[in-house]
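These notes concern the structure reproduced below.
Each chain carries a letter (A, B, C, D and E) given by its place in the written order, and its residues are counted from 1.
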Amino acid sequence: MDSAVPALALRDIACHFPARGNPGGTYTAVRDSTITIAPGEFVSIVGPTGCGKSTLLNVASGLLKPSQGTVEVFGQKLTGINRQAGYMFQADALMPWRTALENVVVGPEFAGMDRAQADRLGRDWMARVGLAGFEKAYPHHLSGGMRKRVALAQMLIMDPKVILMDEPFSALDVQTRQLMENELLDLWQADRKSVMFITHDLEEAIALSDRVIALAAGPGTHPIGEFAIDLPRPRDVAEIRHLEEFSRLHAQIWEALKEEVLKGYAQGKR
Amino acid sequence: MDSAVPALALRDIACHFPARGNPGGTYTAVRDSTITIAPGEFVSIVGPTGCGKSTLLNVASGLLKPSQGTVEVFGQKLTGINRQAGYMFQADALMPWRTALENVVVGPEFAGMDRAQADRLGRDWMARVGLAGFEKAYPHHLSGGMRKRVALAQMLIMDPKVILMDEPFSALDVQTRQLMENELLDLWQADRKSVMFITHDLEEAIALSDRVIALAAGPGTHPIGEFAIDLPRPRDVAEIRHLEEFSRLHAQIWEALKEEVLKGYAQGKR
Amino acid sequence: MFRSQNTRILLAQILIFILFIAGWKALTTFGIMSKFFVGDPFIVAGRLYEWFATGMIFKHLGVTLFETVVAFILGSVLGLLVGLWLALSPTASQLASPYLKGFNAMPRVILAPIFAVWFGLGVTSKIALGITLVFFVVFFNVYQGVREVSPVTLANARMLGASRTQLLRSVYIPSATSWVFSSLHAAVGMAFVGAVIGEYMGSAAGVGYLILEAEGLFDINGVFAGVILLTFFALILDAIVGVVEARLLHWQPREAATVGAPA
Amino acid sequence: MFRSQNTRILLAQILIFILFIAGWKALTTFGIMSKFFVGDPFIVAGRLYEWFATGMIFKHLGVTLFETVVAFILGSVLGLLVGLWLALSPTASQLASPYLKGFNAMPRVILAPIFAVWFGLGVTSKIALGITLVFFVVFFNVYQGVREVSPVTLANARMLGASRTQLLRSVYIPSATSWVFSSLHAAVGMAFVGAVIGEYMGSAAGVGYLILEAEGLFDINGVFAGVILLTFFALILDAIVGVVEARLLHWQPREAATVGAPA
Amino acid sequence: QTAKSQPEKSQPEKPNVTIAVGGKLALYYLPLNIADLKGFFKEEGLNVTIADFQGGSKSVQAVVGGSADVLSSAYEHMINLQVLDQPLKSFVLQGRYPGFVLSVTPELAKDWKGVQSLVGKNVGVTAPGSSTNKMIDLLMIRAGLKPSDVSIIGVGAGPSVLAAFRNGQIQATVQADPASTLLASEGLAEPKVDTRTLEGTKEVYGGPMPAASLSATDAFIAANPKTVQALTNAMVKALHFIQTASNDEILDVLPADMMVGGDRKLYAQMLDRVRPAFSPDGRLSKEAVETTYEALKIYNPKVRDAKNVDLDATYTNAFVDKAGAGG
């Protein structure tokens, strides 16, 4: 799994934010975090809510400058935006003034692709995420799950080398989610991209990943455990859950996380 | 479970929306849908993404007038807003210009509660959803899961008789989610409210509900199956999953839904 | 049902108009105010008719409309460009802001004679005056509109590989559009004010010239005829802005509504 | 680092200012333009000094500032109220909109003499003129700002039991605040324009009166001195608006940034 | 006649008086400014506020609308206003000749063949419809031409006049002072028709056309005879002062910034030119009134069409007579 040059390396990252209600003070969301992802590796990040997963992804995308530490992309130190990466945001990030199809083709359009060709590609992707027929709907005419799928298509159409995903499937029903997961795995398999995947669904994390990283509860989040998932590939996400190895891994990661969550919650309860 | 006067009754609802990209045409999101919820009943709605669950909830809240059909709340025909109901939206609905605590106490404030008392109550609720210490943070300083919990507290602090929830826990990690679920069950148990609960997580639906309603894929969504959940109460959501009855119900509902999802997806793929 | 609502509004509009005219007429008829100051609606209408019947108005109207439209377009475009530029370049904004604010606050209408000195007595000086009025209304809104762009949408576009100009075209401008149009409605008025005041301060033709002439002759009816004429054309220009706005902003999320629901 | 950036901006500002004065002076020194049209910066400065040294300016300045501030406050409040009202009542909006648009487009400055008749020659008529200018800038932005309120946030507040006034206070107004402030910056300018033009058209005191006198005497230096004085105070008023704005809008989401990250 | 029976220095009924004037610092209104600056009004127990307007017509509106008490404007407005049913009565004259000058560019001046040389040219006036515009109309009509044979351009009375000449936008203009003198001293234009003198005035108006006067409504005069008398007294004093004082004495009264560009010499020059135009005693002669009426009939259709114009109602010399007797 290790490779000489990682596709993505977060080294010794710390992120301090201005503290709420305490002018001048800071809140340390992330600290001492080192995460490397090899080319072609699929890594999932799990951790209690509010611990700093999205913050790490923002750092990896180059959108957020860490207070400390460096990011490397294929060995190059990252300074601006991470141009190798596609990022599917946790929040709604579609452009409300564009229809679903227009949103999907934004990337190719920016890259200067011919209008007709981009359209064809966009329609193709709309169908792949199960939204054929909704091309002309504006985002606010779509359901929450549909918007997520538009965002998915918008990111994947760019065919990025590094994929950053923040809870991409949490708004989908189980069945649709499995379809999308398989779609993602197919794509990843076809031309091994590097994926950094955030999820709250442990089963999803195990089913998809080569490695699962568990984070501690905030403040001062940092990785507390890494779990290599050596389940056979190619996988079908619906069936792999029935393997015994799967249950073992699930229990193992669950154990590691449980304490953290309770810790975080206890803090939150004061 | 049946009672003379249901707490909430959607009768023969149909919702047509203006069609996208086809001026003058309409898209029928929901049709022939009748759903009644008895006082003190906990009903979950499951169905494929984009089928019309949120639309039904909007109708139940009085925010959306259906094209056809009527809504009754404790026997009264609903005309304006449903004043008996609390609604936790699927989308982010916090006021960005208010801190977390100020958001939580919005309801009591509107109801004219004394400032200090509302504050005390609000802090109490912030702690109950595990966010003590984040009172002064603005929504955009909170993580996705934290915002959801603020919204939860904002709604529950009102102590509504009818609770409408649209995927309230989907942005939470498994452990936090179970804590929240138990919190909700405690509350519901204490003084039997009527709950209409939308989720994509079948296990969650079964673990919490008295009844699960499955919806068909859109367009023209309508209930295709109702499943009474006669598991013993009080329940602990973490443990109830291990009951045999649970697995039976899960398989049963899963079967009913699977087809629908694949149907919807096939349509979407054209 | 929708229709009858609109019909009712129209009827109410007409009623208000008739009441307005009747009230105006009554003011002088019953001597509540001197007709020296409020004129007579029928004489005003007659004056307007005469202006059009003799065709003498077309030259003046043409001049004023030309000045207004050019000032409106140039001022808006300039406000848009400078607003975008300063909103996106903090350094430029810090450097320019005291000058812009000062110039905004400067009573430019007083500079009309100086504009006449710099740009002559023809249409150019009126256009220049109109631009200085239109510019700021648009500028401040564009500036604020750009800064209100949703940070997530912006980040998304950047991740999708948008260059600076693409960001501008695909994110900043569409997002600021409703701000721009809000300012354009006020700007229509400003453009007319600029043109007419410019003419009023010194000119050879235009509706402002006519108004000034009428004022010199204590002919309040002529003044009102000119003002009403201008108002009418301002409404037309505003309606055009409204049509473009409706077209460009049709995507805006409004409260959801089903088809066929009883209101 | 932050500090040195600010220092550099300040230095650049000062440099621009010096260049500006030098350029101005050069215009007349080298006879590029007649001193009748551009004046001399040093004489202007001298005039300003004299005005303050003799104290004669305070009366005029007081009058103008009073008119401006009152027009600004009343016009803004009126614009806010009417904007809220029309944005929330579609029927009222449909009924009133042609009249408002027409009045917006009307060159109100021409009505200054009528205002003088209605409100007298004192400060009231100038305030009235200023209000008509300020009102529309604020009105259009409030109107649009209210309609831009997020439908979900609004629905949420309604579900939480907000009455109409509570919706107004807790949702519409906070949400429209950035729109309001954007318009207030333009409105500062309009309030000064209103006061000064009112004085210019006819008055017995005020900076506009001084400017009118200076113009009658071909005293361009006096005109510029008056204009610069007004500009200075407009900047102060604008800065006050800016401070209030920063206070009320501190919640606005900006691009996230960590503490201590290298820029 | 009641005024005559009153004792000389009685208190005015309305010590606070607002006088409306359009372009206060023009030489046209020098007597008013002198009365104010020399404290003549104060001596009469009056507290006068002078409200300055951007144009003559605006000052008229202020008085008709009641926001000012007394009007300082061209006498001809008395007749205009009577026709419009808004009568005012003039009670003391400031200028006996209008003081407007038709100035033309040096090129035009070179082969000046009278007013017909203006045909097809752009002629600047202070504002369309103003007295300066009417003078051009009158000149054209008297020369057998139509007013529309020239293009009338409003150029104001400030620096824009100079600019309009410099940019070649106008070839002639009718202006009062200081614009006329400045145009000449800057070499931008030469005076061709000069109504600062009797001859020029006769040439244009066919007689002694009166200029500025103070006026008020009959109601105001009836209610405040002592106030009006006091105003008249002060004005007559000022007129007398202008007649007798040297240039320097007059200049000493005026604050430095009232002199165009602070240029004392230029201002003295200007004074020399306009001095004959001021009324020596404040009286309006029957001839002057009739001249005005005849002129108005030519260029103002409303006056031409009006039946029964009562010229006697437009003015009174009673107060001036009284002031003369007292002073």
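Here is the rule we go by: a contact is a pair of C-beta atoms (placed from the backbone, for glycine too) under 8 Å apart; a residue touches a chain by one contact, two chains touch by 3 or more.
Keep in mind the model is a prediction, meaning the values are calculated, not measured.
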**Message:** Measuring between Cα centroids, which chain is at the maximum distance from chain A?
**Reply:** E
**Request:** Using mean C-alpha positions as chain centres, tell me how far chain B is from chain C in Å, no decimals.
**Result:** 48
**Message:** How many angstrom lie between the centres of chain A and chain E, each centre taken as the mean Cα position?
**Reply:** 84
**Prompt:** Quick one: chain C and chain D, Cα centre-to-centre, how many Å?
**Reply:** 17
**Prompt:** Out of chain E, which residues touch more than one other chain, so two or more?
**Reply:** 57-58, 61, 65, 158-159, 162-163
**Prompt:** Residues of chain C that touch two or more other chains: which are they?
**Reply:** 37, 113-114, 117-118, 151, 155, 200, 215, 252-253, 256
**Request:** Give the residues of chain A that touch two or more other chains, as numbers and ranges in rising order.
**Result:** 17, 91-92, 138, 140
**Asked** What pairs of chains are touching here?
**Response** A-B, A-C, A-D, B-C, B-D, C-D, C-E, D-E
**Message:** Which stretch or stretches of chain A touch chain D in the complex?
**Reply:** 15-18, 26, 58, 64-68, 140
**Prompt:** Across the complex, what residues on chain E touch chain C?
**Reply:** 55-58, 60-61, 64-65, 80-81, 84-86, 122, 127-130, 133, 151-156, 158-160, 162-164, 167, 169-170, 300, 302
**Fill in**
chain D residues touching chain B in their complex are 152-153, 155-163, 166, 170-171, 174-175, 177, 251-253, 256
**Asked** Hey, which residues of chain B end up touching chain A in the complex?
**Response** 17, 20-22, 46-50, 53-54, 90-92, 99, 127-138, 141-146, 149, 167, 170-177, 179, 200-202, 254, 257-258, 261-262, 264-265, 267-270
**Fill in**
Per the touch rule above, chain C residues touching chain D in the complex are 9, 12-13, 16, 37, 91, 94-95, 98-99, 101-111, 113-114, 117-118, 136-137, 140-141, 143-145, 148, 151, 154-155, 178-179, 181-183, 185-186, 188-189, 192-193, 196-197, 200, 208, 211, 215, 223, 227, 230-235, 237-238, 252-256
